[in-house]
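Each structure below appears as structure tokens.
In the two complexes that follow, subunit A is the common piece, with subunit B as its partner first and subunit C second.
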Partner chain A sequence: MEFIFYFGDVFTPVNFALLLVGTIGGLILGATPGLSPTMAVALLIPFTFQLEATQGLILLGAAYTSTVAGGAVSAILLKIPGAPANIATTLDGHTMAQNGQGTKALQLSFLSSAVGGIFGVMLLIFLTPVLAQWALAFGPSHLFWLAILGVTVIGTLDSKSVVKGLLSGCIGLWLATIGFDDIMGAQRFIFHDALGGGINIIAALIGLFAIPQVISMFAKGRRGDGAEVMQVQKHSVFEAIRVLFRFPRALGIGMSTGAIIGLIPGVGGQIAGLVAYDQTKKFSPEREKFGKGHPEGVVAAEAANNAMVGPSLVPLLTLSIPGSPTAAVLLGGLLIHGIFPGSDLFDNHPDVAWTFINSMLIGQVLMCLFGLYVAGVAARVAQVPQSVMAAVVLGLAVFGSYSVQSSMGDVYVMAALGIMMYFLERFGFSAAPLVLGLILGPIAEANFIQGSMIANATDGLGPYFLGGALNLFLIAVVIASVAYSAWMEVRNRRYLSKEEILV
Partner chain B sequence: MKKLLAGAAIALMGLTAPVLADDAYPERPVMMMVSYGAGGATDFQARIVTMTSGNEDALGMPIAILNKPGAGGRVGWNWLATQAEADGYTLGAYNVPHFIAQSIKGGVSYDIDSFEPIANWGADPAVLVVGADSAFNSLQDVVDFAKANPGKLTTSGAGLFVGHHIAALQMEKAGDMKIAYIPTKGGGAAAMKAVIAGEVMAGINNLSDAFRAREAGNVKILAVADLERNAFLPDVPTMMESGLDVDNASVNFRGVMVPKGTPQPIIDKLAETVPAMFENSRVQGKMKSGGSPMHVMTREEVQAMWAQRQETLTALLAGL
Partner chain C sequence: MSVMSLPRLQHIVASGCVALVGIWVAYLSYTQQPSEAFLFPRLISSVFVVLALWTFAKACLGWTKVGAGVSVHAFVNMLPGLLIAIVYIFWGAKALGFYTATAIAFFVLLSLYDPAPHGQIKSWGKRVLITTGFMGVMYGLFALLLKVYTPREVLF
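For the complex of A and B:
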């Protein structure tokens, strides 16, 4: 309950002003393609050199929470996920925007972000010591099985056909092997200097999602510009709140998945949205609506994204180990003021620690309010003529992929993957499983190799990867997930086969 | 036409060379390439040590940090060696022994002759850490175990051919033993987590990170791989004191360099002003509070250090 005593500190004029700046700035940075939360926070660090520790952290905390939510804006309106966390949001969110329901999609995404985010920060406040132990429980073998669990999701994610989903997942896994391998020191598939560092995930995201869309817009030609403009439906905030609570299952699955995955160091929030989306889809009675502009998909994905923010800081604040790239950047922000996260932080600087955590809580509310305010205006983006839109999205895609590492190589990678994806999409493949393969490949591979190195030096591969309660539990979930997919495939085949012939 | 162009180019060079030699440098902001991601230790320290460069007594122009991460630093250093303009407006941050070890192993387009050192700002020695509840209480305990159980001592570190790996190789050589070095993906933080969580029996990590982890009560630091004890950890012996002949070849030196071909007058000017900039009290204060050990070295000292590392590392890595 200690945190309540420090609420007042958030509302001093300077602190609150910084909170506002961080929140609004974070929303804008988050909505800019290519600026991931990690980058946005890193960009702000030099500004905190001049501030007091508490003030600096308020700025960084507010920016972190709102960039994660802001990423949904470009995901919904432009189909450019600002960060891997927002991939799942594009699946239903962008379709809703195309149907003229952009306002509703944005409102729902901000509301579920706030609910998920507050839940996550509450976990951080009340359960930190328990959660810290849980974060440490995941070793290489467990992370390997977790990544495999993610792979089992690939087949069913956003694809009409499991086979095509698995195939695009394999392409993603292959792309993930490109580059210099840190663990074995091998160079793989480096045909060009731009590939030396591997495929950058943000550049790949922008290419895979935005470019096929740009090409289809251009491919339509110049005819009927005006006719493309659609009506953007107005949608009241109260209605949005009512819709949100029609999907308690999506909220619950989203929040719990996000919190659990956010907690595990090394996996981070990259896959929280996708896993939550897939789980919600599997449990939903309206399964077939997913991917066609179903609000439940947006709710699950965004609740998961923001629920991950709080728990992702647990390893940093308690054990002084940054569990995600963004946490590593925040660590720098703490160190600059001579504050060492860990027991030092809560014992000797409780004001800093709790003001920081409180500001994230209030930041969630502010972020939601601003988000709802701009939702109505922002959704008008859908009314921009497609010829203009295509040019703007292309410009943003180039800017976004260049800005990740100031490298033209990333722009080439983005363009190449984008053109490839355009043709793949015409054959019924989709980008989401491919990206999931790209994200999970390195996690599975690195942890398997590390695990096997440890296992070979100790008690052998079998006991290391197959022994222990947590390993067995994860393997059971993997088997259940595969069995469920197979069963669904068999059950649906009877109905689907006719439909597929018609299509 | 070609002759005309060549003539024009020569005339231009004639025009610009004296300008460059002039005291006018720098006339615009300077860029410094960091070959690791934003927020990493190198990036973080680079931002602190360059924050006063806009002052009149320093360069008088700000230094902007440009991150080019990837492949353990290879992407950025390749870029600096082959694509960056050698006009004095592109600096680079170096990490020794990383880039020297990488160039010895091959597959990159640089070696120590591709760059001109300017000055060194930091030195972060590698330390041997074990979990807080580990049975090991001294370096001798670890060595005894490794000798009795060849290849069984799992030891985490932040990758291949980085300081941590070099320290592990030196320990193996000095103690005539075999340890299981486990490189982690995700840098020193992931390697430290493996030690704290008990996934590995020991770890080699940065002194600054290990110091923090010890403050938090998570690890014991058994030895420092350096020539003398460190001011942050006066109670921790060096490996040599504990009987293992490991020198400072694994110490992670960080500093500023420029690509080969940068005009000599600019190198001289930078070599004169940059070390003074690192000595600035604000810079020193921020670095100290961040737990980042500083070690300012001049151009001549860095040149000698690079040459010495090249020799040591070539011998050490020859057997791999």
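For the complex of A and C:
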């Protein structure tokens, strides 16, 4: 119950103001098609340098939570999901809006997001300290395998191709070795002055997530989006609350599915929403109404994608393994403030950890309150032409990456990685495992070197890294995740034509 | 004789480039000194090369199932924007000054990709207004609030 002692810290003027800014800004950013939560959080990181660690994390956490919920606005009113997590919301949400129930759909989406989100953060509160203490038993070989597990799980589960996902992870791990070696001080792969200090994580994050999006917008050429905003009518919030609790099954399935999927590293909210929608439809006596504007579909999808947010931070805060690409960006935000996840976070920085987690709890309530009012504005923002969005994101990416260390080298690295990533993505590679490799690379290398030293003085490399119950368990999980993803890939190909896969 | 499809050819080129990078990384990892500093890169590059060669072989055999490549239409659309972005980032920002180069790049990109007709004075006015507004926000955020000192060079 330690978290209760830090509740007051959320309400200091600066912290609360940042929570409000992150929540409202996140709702608007989330409603903007093309600005994914991961990209929004990556673009926000440079603004947190001037802030204390707690303040920076409050801003990023609020943006993470509310961008996922804000994506429902454009999903409902424009039939364009603001984020991949909101794909399932469009199925019934937009039909409700077409039937003149836009306000009701928005209210239900924010209310179920808040209920799901609070449930998810409560899991985060109760699971994280237990797992963090458990992580104390980990030695260098276990931490090495954990880092490899992080890259492997995201590389295989987040990618359409297992081999390309793992290859992306390898590229990330290699990029992490560029610069001066920590132990010998030797130069490694420095083929340009800009790489002398290694690759800055924040510049890389901005480049890898923002620049491919900018180029994708360029690739669409000069065309109007032509999205039409549905008109919304007045609808009582109390009536929406009554409707919400008429669907306890949808709420329950959404919350539990979101929480379980959030805890599995690498899976993410997109799947949470779709799985919850599908399961609720299967168990609903009114399943024929799904897809035709049924509120139960909106409740299930939105409860799931926000219930995923809290649990996706459990493996991040305890074992340094992000549960989603956005959580990977948050890990970058933690590391730049010199804070390392795990027991160190809860033992040495409990104020930072608990204020951040509590702010996410309060943020869910604020997100619900403001979501109902900001929805109208957010829908207008969602109509901003792609030409403006592309130019704005490019400008923010350049200024953001420069401001990290006032270095043009970081801007060059950001642009080069971003352009490379755009083309890699077109050929089936994925940014998430590459980012994970880049972030977890130093952790993997430090523990590999430390473990090698211990191994040389004791049993040798093989028994040290491949022996022991925990090592074997972690290796088994790595192999199982690769095997499962490979099996899923083969299975999916049986049902999809080549044209459907080549997207 | 059948002609190789564009996506397949693109996959071969892309996976070939990745494989070349992998081989280069592995070569450096196994030849550079001190060898202790390259212990971890050796481990990664070995896996890197195996996976990259596997991907390349699959592309050559036409077994690649994921990734649509870049269509000619998309490439033609993106090329001007990409070139402007490259000139802006790798030359303009340092040579002309951060704010001047950003304002020019922003305005050119906006004008290039704006679906509004280029013949209307009203739409040009709107573009100037959006650029001014954006630059005002950027200056307020980075120069005044965050106190980031940016390269000024020839202009500003």
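Operating definition for what follows: the second predicted complex is superposed on the first by the 268 of 503 C-alpha atoms of A that agree within 3 Å, B and C clash if a C-alpha of one lies under 4 Å from a C-alpha of the other, contacts with A are read in each partner's own complex, and residues count from 1 in each chain.
Assume a residue touches a chain if its C-beta (ideal position, glycine included) is under 8 Å from a C-beta of that chain, and two chains touch if they have at least 3 such contacts.
This one's a predicted model, so the numbers in the text were calculated from it and none came from an experiment.
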item	value
Touched partner set for A:183, first subunit B, second subunit C, both or neither	both
Which superposed partner A:428 touches (first subunit B, second subunit C, both, neither)	second
Touching partner for A:166 - first (subunit B), second (subunit C), both, neither	second
First (subunit B), second (subunit C), both or neither touched by A:412	second
Which of subunit B and subunit C A:403 touches, first, second, both or neither	second
First (subunit B), second (subunit C), both or neither touched by A:369	neither
First (subunit B), second (subunit C), both or neither touched by A:480	neither
Common ground on subunit A, meaning residues reached by subunit C in one complex and by subunit B in the other	46, 49, 183-184, 406
Subunit C-facing residues of subunit A, complex	46-47, 49-50, 160-161, 163-164, 166-167, 170-171, 173-174, 177, 181, 183-184, 186, 188-189, 214-215, 217-224, 385-388, 390-392, 394-396, 398-399, 402-403, 406, 408, 411-412, 415, 419, 423-429, 444-445, 448-449, 452, 493, 498, 501-503
Sites on subunit B touched by subunit A in the complex	37-40, 43-44, 47-48, 51, 66-72, 74-75, 78-79, 105, 107, 151-154, 159-161, 180, 182-186, 189-190, 192-194, 196-197, 199-200, 212-213, 215-218, 286, 288-292
Subunit A - residues contacting subunit B, complex	38-39, 41-43, 45-46, 49, 136-137, 139-140, 179-180, 182-185, 187, 193, 196-198, 200, 265-266, 315, 319-322, 325-326, 328-329, 331-332, 335-338, 340-344, 405-407, 442, 446, 450, 453-454, 456-458
Touch list for subunit C against partner subunit A, complex	7, 10-11, 14-15, 18, 21-22, 25, 28, 32-34, 36-41, 43-45, 47-48, 51-52, 54-55, 58, 64-70, 73-75, 77-78, 80-82, 85-86, 88-90, 93-94, 98, 102, 105-106, 109-110, 112-115, 130, 134, 138, 141-142, 146, 148-151
